[in-house]
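Can you read through this structure? Questions will come right after.
Read from first to last, the chains carry the letters A, B, C, D, E, F, G and H; within each, the first residue is number 1.
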Amino acid sequence: MRPAELKALLRQVKLGKVAPDAAARRIAEAPVEQLGFAALDHQRALRTGFPEVVFGLGKTPAQIVAIVRKLHARHGVVLATRCDDAARAALRAEFPKAQVHEAARCVVLRTRAPRLVGRVLVLCAGTADLPVAEEALVTARTMGSRAELIADVGVAGLHRLLAHHERLRGARALIVVAGLEGALPSVVGGLTDRPLIAVPTSIGYGSHMRGVAPLLAMLNSCAAGVTVVNIDNGFGAGYAAHLINVGGGRSKR
Amino acid sequence: MRPAELKALLRQVKLGKVAPDAAARRIAEAPVEQLGFAALDHQRALRTGFPEVVFGLGKTPAQIVAIVRKLHARHGVVLATRCDDAARAALRAEFPKAQVHEAARCVVLRTRAPRLVGRVLVLCAGTADLPVAEEALVTARTMGSRAELIADVGVAGLHRLLAHHERLRGARALIVVAGLEGALPSVVGGLTDRPLIAVPTSIGYGSHMRGVAPLLAMLNSCAAGVTVVNIDNGFGAGYAAHLINVGGGRSKR
Amino acid sequence: MRPAELKALLRQVKLGKVAPDAAARRIAEAPVEQLGFAALDHQRALRTGFPEVVFGLGKTPAQIVAIVRKLHARHGVVLATRCDDAARAALRAEFPKAQVHEAARCVVLRTRAPRLVGRVLVLCAGTADLPVAEEALVTARTMGSRAELIADVGVAGLHRLLAHHERLRGARALIVVAGLEGALPSVVGGLTDRPLIAVPTSIGYGSHMRGVAPLLAMLNSCAAGVTVVNIDNGFGAGYAAHLINVGGGRSKR
Amino acid sequence: MRPAELKALLRQVKLGKVAPDAAARRIAEAPVEQLGFAALDHQRALRTGFPEVVFGLGKTPAQIVAIVRKLHARHGVVLATRCDDAARAALRAEFPKAQVHEAARCVVLRTRAPRLVGRVLVLCAGTADLPVAEEALVTARTMGSRAELIADVGVAGLHRLLAHHERLRGARALIVVAGLEGALPSVVGGLTDRPLIAVPTSIGYGSHMRGVAPLLAMLNSCAAGVTVVNIDNGFGAGYAAHLINVGGGRSKR
Amino acid sequence: MRPAELKALLRQVKLGKVAPDAAARRIAEAPVEQLGFAALDHQRALRTGFPEVVFGLGKTPAQIVAIVRKLHARHGVVLATRCDDAARAALRAEFPKAQVHEAARCVVLRTRAPRLVGRVLVLCAGTADLPVAEEALVTARTMGSRAELIADVGVAGLHRLLAHHERLRGARALIVVAGLEGALPSVVGGLTDRPLIAVPTSIGYGSHMRGVAPLLAMLNSCAAGVTVVNIDNGFGAGYAAHLINVGGGRSKR
Amino acid sequence: MRPAELKALLRQVKLGKVAPDAAARRIAEAPVEQLGFAALDHQRALRTGFPEVVFGLGKTPAQIVAIVRKLHARHGVVLATRCDDAARAALRAEFPKAQVHEAARCVVLRTRAPRLVGRVLVLCAGTADLPVAEEALVTARTMGSRAELIADVGVAGLHRLLAHHERLRGARALIVVAGLEGALPSVVGGLTDRPLIAVPTSIGYGSHMRGVAPLLAMLNSCAAGVTVVNIDNGFGAGYAAHLINVGGGRSKR
Amino acid sequence: MRPAELKALLRQVKLGKVAPDAAARRIAEAPVEQLGFAALDHQRALRTGFPEVVFGLGKTPAQIVAIVRKLHARHGVVLATRCDDAARAALRAEFPKAQVHEAARCVVLRTRAPRLVGRVLVLCAGTADLPVAEEALVTARTMGSRAELIADVGVAGLHRLLAHHERLRGARALIVVAGLEGALPSVVGGLTDRPLIAVPTSIGYGSHMRGVAPLLAMLNSCAAGVTVVNIDNGFGAGYAAHLINVGGGRSKR
Amino acid sequence: MRPAELKALLRQVKLGKVAPDAAARRIAEAPVEQLGFAALDHQRALRTGFPEVVFGLGKTPAQIVAIVRKLHARHGVVLATRCDDAARAALRAEFPKAQVHEAARCVVLRTRAPRLVGRVLVLCAGTADLPVAEEALVTARTMGSRAELIADVGVAGLHRLLAHHERLRGARALIVVAGLEGALPSVVGGLTDRPLIAVPTSIGYGSHMRGVAPLLAMLNSCAAGVTVVNIDNGFGAGYAAHLINVGGGRSKR
């Protein structure tokens, strides 16, 4: 049960539209649903503002489908990430209305489109970083943020980036995705006063060590205000950016 | 020149209190001041909302004193971090009004106390993590955030943390500082919907590898919404938390 | 020859049911059986309480089948771990009565069900950690421990774990399996006074480095009483937990 | 309050010797005592069987003294580990009755000698491993285990070890401390059916990497039943060995 | 031209059986033969006692076949290592008389069987180490050493090794192959005064890191007289052991 | 637009052959061309002397074809590197005139053959290093350098290298490609006064760690004047060598 | 004997000013001078264009002084790098005319000032990188290059760098020194067509790992034409830049 | 008791000069002498040909002195390595006849000079590698090998090495000591057919990682017959070289 739902329910109780006992039962619904191979944490939406996200890595397609069905039934929205080819095929077959993002390897199943708020801006350094950038984009949008992408603005051609200077300052949170040497977050960070989440990608070879090189670079960025997520973790960046994006607004709700 | 100063100046021009030429001169002041060993970036305040911070590592005390003097003269506020014993002594001798934070090894010199806004909450897992937590605290406060500290709430005694549950949700940004296995951010992250910045510390031995163990743990946190800064980088966390904390408010100014 | 068999044999000698010479021959059976590619250590059961376990990695299916046959003939029970698809198929074809644990990739062949004693409790943080947890479970049970599993109780949803608090204290040895940041052993370790064996798993991506991140976290756990085995080494954890579980009882047998 | 104390108190309530209200107050004593720089977890004794241990690394001598005083006052026994020269001097000055173990760098302050039970055996491979072995020994004894040490039985002279074969089997838990290549746990593990905790030490040079070499060796031991703690972590090994040593007995109390 | 051939040729010159000019031409044969993709170093046999060995990794089957043909034509013996399935098939098709060692992935083509001298003893810790041990065996024999193998004598069952004690001392050079924790060389090294070459293998999982764990262990062996070659480098060990084995004898030839 | 083209255009303006407005339009052509998944940096030729090179890793064949078409249309020459089998097939199908270098995995499409100048010499240590050496060769030639290759001159047969001593000194820039221990650049560097670019390759096994061993060796070379590029980065070496090769001449153009 | 000296000598022979025998003796002077602890390679100047440079690390002050005296006597110029405090003091005492560069820890002793040619430009990202930048500067100048320094132009304040755009293109070789994330070479590399040598520095903390972070970043730079030297290796960069700088000119001499 | 002593004793028994009982007592002397902190393995001389060597690292001066006294009393010769300043001072004070090798940090105490046999040749690449080379030299000589040193023959000046070509082939075992990139063993290995032990040293900076760079290089040497010991382990190399050196001769004794 998401916070908005809980508040709505309580308002209905206040207005006499829902009997206290019925409301209690509904709130008291088992917060953890046991599937044997998984213990679904239905309270997470209440606690953190969004239902549990399904991390597909290491799960079988059948397990993913079962979890997605349960979460969708309870919360009306599910995001599944790191779904390999078999998992995406299974989800598409099972839930024809699911939106399947092939490059980003993630799937969204939701009953109703959210009202998007604020603005999250995702930049990526090269074409090869696009799948990770898209995972961030899909995550932020699924959670309710207005989000945009600027692709292929790596530091070897600074003018491509500088052309977007205004848009940088219009965002409430920035995500910067880069492989190779991971220099883009430092340059962008020096141009803006917005919180910036850096995402290293695993594209490179040799001493790149599948993303370790840009990860270390980003952790050592000379630009203040840069924080970092795991290699290729577009989801984590999109999630955190959404929290930042709505941060200001929430206290007023 | 910080954004607020610039706006104030322009308002004065509009009101006829400052002649356009004079305003132009003042705005046009050289954005980079050359000290030979340093090129002070005075425009940074305009671009990113806060003047350049002095990173003491690798600089001589004399260099630090010279840079602090120049920045203070121009912006009215300076933060110097990673100042070793000699540097702190030199700054204290030169600027008797400077606030010197011994454990956090940082120094603040400012003309006027800022009006603190919002709320940043800093948690640390153990007593040994305090110096880093304090660096975060000092940074956030110097930049203008209201900031508080909860110390010694490591995961081996969960009730110590759970007792603070309400305060977690009252913050607009969280900073979680931990050494050893770096598990605290995951536990805190599961309890709240606030953006959370994790800071690994270098306290540990053996396979801890001076902070690499908790750094990796935090990058792989199972809690969504966690971003990470470098080992012992309290400054970076405080800076980013401040940006997040004021993020919501800025768009209304 | 397992210790119990040896004692039984000696009792029979004492009772005159087995002639000393016959007993001597039986005890004197070559302690090492040479297969050319392997030297089976039949004394191990005597020395360590359980016959040699077949570690399938790097062995051909034919080698595994041959070793299993010899060990089963001598000891009545064999455990083979890390059997890939081909090895499991070969064992199933050769020994129709073998129990094949697909996810855990291990195979048990035994003549008689053991009497299970004590209690070993296996917890795992996520669905993806299940195969390793099952390897631990199968190992502990095969050796003679009563063993149970609690799945999917990761630290991002603490209430799932806290609901099992009582069961934690009812066990004589705990095994905690976790991937990602490996925080679960620290949290569990803080809730109990039972010996706890932590098992990092290789599920994760990027800076997880196939299990190095949780391995380091577990080695640096702030909870006292935690010891660690190799990445994905469910077998090692199950074996050690069994020794701990029966430890108290043995001296009385 | 340790479990035994709690039970004693409850018995006194049952016998009418302590009024329920007084007992309630005593049990309800704040479980966490705030020192500003530390939050003492007094419930830990209840939860895990032993009061919080003071980990000296990263704490000032004054902080350590203050924490030791508080813990001793409440629980009657304190163990402080990783105390550097200054900390040991401060503790000795403040608590003349404290037992200071110079080589092991740990300090014990207790009101009453414990009754030692069971048997923990500590082996170390070389003279240079002695300080770590002693930390394990002191820890196990302070917690209440009977514990013994066999020094300098490295694998390059196997007969030194084989001479102690009987003592290996008389222990309920083994601790094996080794630097260099860390081979001793594998050899000992092959000789016994007792749970074995391996402790790598940081003595070595070059590719030893301050203990990483024996740590990896121990994690990959071919002997089943071996679990591992952090480099130089004699404390962790002693603590876990104590839990194993008393494990069998507890369920009968 | 191998040293023996050179000496034989010169003797024939002395005896008048070969004209000086003809001998000069034969000695003067281009020491480097250019194949475009390779520059065969025919002088190596003269310089180091054995013709160039073909290292198959990174070469195409066609390249390997071409090089083998040239070397065989000139020297009468060729050893090709690290030949993958395709390369071995190509060699077998091209040179029906070649000896193909499937598990060891190496191929020997020679005109005449060598007279084997001295004694090299190869030990391996487990069945999974056999392919590497065989590569060492084949190499030593191809170069002219009498060589034997003792398999599966890992340290978890010491008696298996101790049974071979006499054979250890009968060898002039020892090769000890081990994966997992790589402890066998230390134990063997403590039992003998023979030069010992340790070979780590890549069989293991998790923190084994494909052989890094035993490599580090062997480099840090507490037994003096142990030297080490690269992970899985049976060839290098066999080659060096041969040089040691014949070392004493050569100066008399 | 490459510098030469720009100068030619301006000369035509001066001569009245092109109207200033037309020239302005042509120069003003959008410097960045947006393809959605890529932002082509057409100014790079002007800025750095050569059009953007297509780095194939992480791009789909369709993306590579689209980018190659655009770059070729604008600049008359394109180099695409790291093209896997599918990408090379797609490029060959689409651009029948493209030169496809199979081993080096790179493709060149150009309208006119360049006039080659200066001299770049590429050496490689072994046959397995050839593909990387060829990538360097193709790159240097495509950019306009005369370039030659000397293959298989590893340090275990020094005379093979010393035979080429004169050619070393005739080059204006040297590229030395080596796997295994990466010693060749040090030896070559000691023989010459030419700038030398070292390229480690990933061919090796075990502790080679896919090129890390020779990379570290080259970074620590005892020969002065050696600089290093990433593992297997023949392209980077060829590009830098070309810049060095033409360096002297450019200032006169 | 440097090449210029050799040519001068030969011209004098041609002109009859030096007798062939005398010239032969002078050329034939022992190319290697034995000091017991060192074998001075006097031919290096002939082979590589500059006499052997004294690398002070690991040498005693007395050894350094002895080597410097010999080299200076033979060649008229010596450069000693990595001289610690004691070594610099000893050199200053022994050779009052030596130029001692304190921050760069290097010492130059020369008889005659060189004629400086071409142009090498050294940029450094921060004040803390200055000592390494100076080592590069001193090296390039000592060898005969005109060299200049631009300090403190890190990427977080791009306008500081862009202001020097023209100077970038006026150089024949660029050296870019940076610590932290090492992004500066990529940005500079995108602005110019000059060969660029990147130098990572060890200033940073935590995951910086004493320079590994910027080293990896530079090896993975997205800007073509970047080559890299070891961490803090200003000497190596200065040496290589000098070779590049004079490269164009040499072939005409 | 060393083998030669044992044989001499037995001959005396045969000749009636020593009573069998007396001989038995002498042979039966406790093979392990307990010092509390050490268990001296007096049988090692019998088993491996040389008494236990004292490895000083991690031992106190008092412990080292006590062990040296015991070993000297029993065997007449002791070698102590890795003795720091305090340990060397204590040994010199206690045993005025001890030979103290300052640079090599080792001490030899012996009653009688050994007869040196065979020939071991030690080469080192630079002056900074001398202390390690000397440790190897002292070790080989103390054990009874004739041993010589050639210093400062690094690969950047090949002619220095080639001048010693004959001496290379006159040795029965080679030790090659090198820091920096560790290329010397490969070059030497290509010039000779003698067993070669490579020793990496820790002198270097940055990516040298205190010897890891040359260690990896040596493990990946392209020269066959190269084996490797730990970083800075001159002792291990000297010991192994001695075993190889005497290997041929022993079987005839």
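Heads up, the rule we're going with is that contacts are C-beta pairs under 8 Å (C-beta built on N, C-alpha and C of every residue); 3 or more make two chains touch, one makes a residue touch a chain.
Since the structure is predicted, the reported quantities are computational estimates derived from the model, not experimental observations.
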If a chain touches chain B and chain E alike, it appears here
C, D
Between copies chain E and chain F, are the contact residues mostly the same numbers or mostly different, with half as the line?
different
If CA atoms of chain C are superposed on chain E, the rotation in degrees (nearest 5) amounts to 90
Of the pairs given as F-G, C-D or B-G, which one copies G-H, with over half of its contacts the same by residue number?
B-G
For chain E and chain G, let me know how many angstrom lie between their CA-based centres, rounded off.
44
So, in whole Å, the Cα centroid of chain A is separated from that of chain E by 55
Which positions in chain H touch two or more other chains at once?
44, 126, 156-157, 189-191, 204, 206-208, 212, 215, 219-220, 224, 230
Could you list each pair of chains that touch one another?
A-B, A-C, A-F, A-G, B-C, B-D, B-G, C-D, C-E, D-E, D-H, E-F, E-H, F-G, F-H, G-H
Residue ranges of chain C touching chain A (in the complex, touch as defined)
126-130, 151-153, 156-157, 159-160, 163, 179, 203-208
Inside the complex, what are the residues of chain B that reach chain A?
44, 47-50, 53, 172-173, 189-197, 215, 219-220, 224-230, 235-237, 239-240, 243-245, 247-251
Can you check the complex and tell me which residues of chain D touch chain B?
31-32, 36-39, 41, 43-44, 52, 55, 57-59, 63, 67, 82, 200, 202, 210-212, 215, 230-233
For chain C, which residues are in contact with chain B within the complex?
125-126, 154-158, 180-183, 186-187, 189-191, 204, 206-209, 212-214, 216-224
